[in-house]
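The first chain written gets the first letter, and so on, giving A, B, C and D; residue counts start at 1 in each chain.
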Amino acid sequence: MPVDRDTRLQEWERRAQPYLFIASILFLTSYTVRVLIPGLSPGWDALWETVTIVSWAAFVAEYLARLAYSRDRWHFVRTRWLDLIVTVLPLLRPLRMIDLHERMQLRRAVPGLALEARVMTYSGLAALLLGYAAGLAVYHDERSAPDANIRTFGDAVWWAASTLTTTGYGDATPVTPRGRVIAVGLMFVGVALVGAVVGSFSAYLMRRFRQEGER
Amino acid sequence: MPVDRDTRLQEWERRAQPYLFIASILFLTSYTVRVLIPGLSPGWDALWETVTIVSWAAFVAEYLARLAYSRDRWHFVRTRWLDLIVTVLPLLRPLRMIDLHERMQLRRAVPGLALEARVMTYSGLAALLLGYAAGLAVYHDERSAPDANIRTFGDAVWWAASTLTTTGYGDATPVTPRGRVIAVGLMFVGVALVGAVVGSFSAYLMRRFRQEGER
Amino acid sequence: MPVDRDTRLQEWERRAQPYLFIASILFLTSYTVRVLIPGLSPGWDALWETVTIVSWAAFVAEYLARLAYSRDRWHFVRTRWLDLIVTVLPLLRPLRMIDLHERMQLRRAVPGLALEARVMTYSGLAALLLGYAAGLAVYHDERSAPDANIRTFGDAVWWAASTLTTTGYGDATPVTPRGRVIAVGLMFVGVALVGAVVGSFSAYLMRRFRQEGER
Amino acid sequence: MPVDRDTRLQEWERRAQPYLFIASILFLTSYTVRVLIPGLSPGWDALWETVTIVSWAAFVAEYLARLAYSRDRWHFVRTRWLDLIVTVLPLLRPLRMIDLHERMQLRRAVPGLALEARVMTYSGLAALLLGYAAGLAVYHDERSAPDANIRTFGDAVWWAASTLTTTGYGDATPVTPRGRVIAVGLMFVGVALVGAVVGSFSAYLMRRFRQEGER
């Protein structure tokens, strides 16, 4: 009964969503708190660290469980590569959430937004999330570097915005190797996502002006 | 008679346009004067401040009047979000003017420009206006900051141009938190608008070359 | 006989082309020589200055003659705006040359390049020419400025390349007001032209891959 | 029997591929080793230099052999311009490899990736390779320049990434004439390739969202 097995996997994924969503919010919150509030008391620090670890462990366990259950494991890994990425880098997990929210709306046939608006919303939210995650991670690495020019979280957000839009002023740039690796990732993924936002905005304007011209 | 009510709302909007246009010119002029000519005599300063406040109050009153008159208020807020933005940030109001001018031309069936030329004109004017408004606002915030490198309005215009085109030289960048928030807004909205200009210019060239090739 | 008049205007334009082409080469050469070789002897300097003035005068005379001859002058000015621009700013005249070369090839039904290749060639050549002209003009203005960082023509070319591609390193940027005005022009026109090159290259790749996939 | 001659040329190209692929890997490896490990013993240095020269000689010999064998030599040079470029600049040869791999997959009718995914893969790999080659070459030129800010290979990679995405922070930029010539090449070719990646990613998102909307 292979069809049954696929159906049960999908059923499982649908039911696990709310819990994974809560876990991803907990992960993002705990990581944010631990990066942005460095002078936590040992008790709170241990608590938030536990939250980070437990939520990450939940993601890994859920991924492995689905992998073990799937009929063709290599096929599962290859077609679900976004799941693997957000399991290894849980800061990006909300990407998966946007994706799933999108699919569910479509399944329920919610009328929803125009095609371009959906691409813009999805790419724009993904870009903002990536910018936030990269800003946090870069700030975490850079703030203790001796010759860094990213000294506050505000600097890190400013850097992330000027990187995502490819403006690149250069008044705030990472100097540590890890910070630069994160930056290169943000540049390449960000340029593609922001390009998709710009492209769909452009297509939306063209379509709207065409429709108004026809009326 | 709900149809009658919608029709009357549109009739009202059509009639209010010239007055709102004058008010938006007065707002932009008074804001410009107050930012660019700091050594005004108290009398003139008070006069221009009054112009600023009165024109803003006119926008707010007009928006609230329309909101109160509309049948479905939540629907009004949601579908007229551009109206809400230009009421809260009146520096951007001319955007609404371009939009309305465009619609009226279409209603009167003015032959007008090709599709791409209209998208380019609209996006380009919106980008220039945004750049001007952001330049003014950033200059206003930065000129008194101790370590600013935007010291004249010329610097602010230079910064706005290098930001809108995503060149981002970095020789003039905002350093105050408020200046940076405005800059992030300009980056994201500007990259989309300039991208739309570039996209429609590209589409226009492609179409013109195709037509010449067919002849 | 209005048709006859239009035909004669076109005939005149066709015949004047080779002379205008030579004049535009002379203008570009004389401007280049006078900017790049500042220590010319008075005699040579006067000669090259005469070449600049005479060739410019030829452009103006030719434009005015055509304007005077055309039936509807306002229509002539509006539809031939590229002619007006390259008459006022003769450094950009080769743009007109590329345009005319293109049209003539089409009239003679030369098989020529694919659509995307023609858009790429035209936009790319226009971008290179604009970059060269802007580099020359900025170098001319900046080299004597006290705190300039564009000190050699090589710096100016480097600046023009990083501006056209919107990279904008910021290690060489104009500091004089005139230099910055030229830079803003290069940024906006350059971003559109380079965007058209990128867009048509992208469309070309898509088409070629699609064709190979179909075979 | 001209058809036979073309067929034999293609047969030859097909058979020579594996050897040329090995030679291009050897060239890239030997160039990388000689740039990144400057303190090689004379023996190893001579060995790697020989590898560089021999593999380059193989490329030149193979190109000349094919040129000599082809019926219409001018046509061969014009239609095979990518072959000429990768023979003169062998650091870019893997571009040819990607191209051939692509063509062979198509000939064997491998189902393979969607159109946009293929354009993205091809342009993205070409951009990465160009960035790597430009980084190596710039590092080679800059590391001994007195006022350089590209001092390590890491700096060169960081510079190449910020150039390819047109971010252009400006904290690491070439200062030598040769480094800048390479940089200008990377900017122009890179902006086109990365633009193609962004454009096809955008088209892919649009298509996927449209398909999901239709289901």
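Everything below uses one rule, namely that contacts are C-beta pairs under 8 Å (C-beta built on N, C-alpha and C of every residue); 3 or more make two chains touch, one makes a residue touch a chain.
Only a predicted model underlies this, so the values are computations on that prediction, with no experimental measurement involved.
Chemist: Copies chain A and chain D touch; is their interface built from the same residue numbers (over half shared) or different ones?
Modeler: Under half of the interface numbering overlaps between copies: different.
Chemist: Among the chains, which has its CA centre at the largest distance from chain B's?
Modeler: D
Chemist: Could you report, rounded to a multiple of 5°, the rotation needed to superpose chain C's C-alpha atoms on chain D?
Modeler: Rounded to 5 degrees, the superposing rotation is 90 degrees.
Chemist: Need the CA-centroid distance for the pair chain A / chain D, whole Å please.
Modeler: Distance between chain centres, rounded to whole Å: 32 Å.
Chemist: What is the distance, in whole Å, between the centres of chain B and chain D, each centre taken as the mean of its C-alpha atoms?
Modeler: Here chain B and chain D have centroids separated by 45 Å.
Chemist: Out of chain C, which residues touch more than one other chain, so two or more?
Modeler: 166-170, 199, 203
Chemist: Can you check the complex and tell me which residues of chain D touch chain A?
Modeler: 154, 157-158, 161-162, 165-171, 194, 197-199, 201-203, 205-206, 209-210, 212-213, 215
Chemist: So in the complex, the part of chain B that touches chain A is made up of which residues?
Modeler: 102-103, 106, 115-116, 118-119, 122-123, 163, 166-170, 173, 177, 180, 183-184, 187-188, 191-192, 195-196, 199-200, 203
Chemist: Can you tell me which positions in chain B touch chain D when the two form their complex?
Modeler: The touching residues are 166-170.
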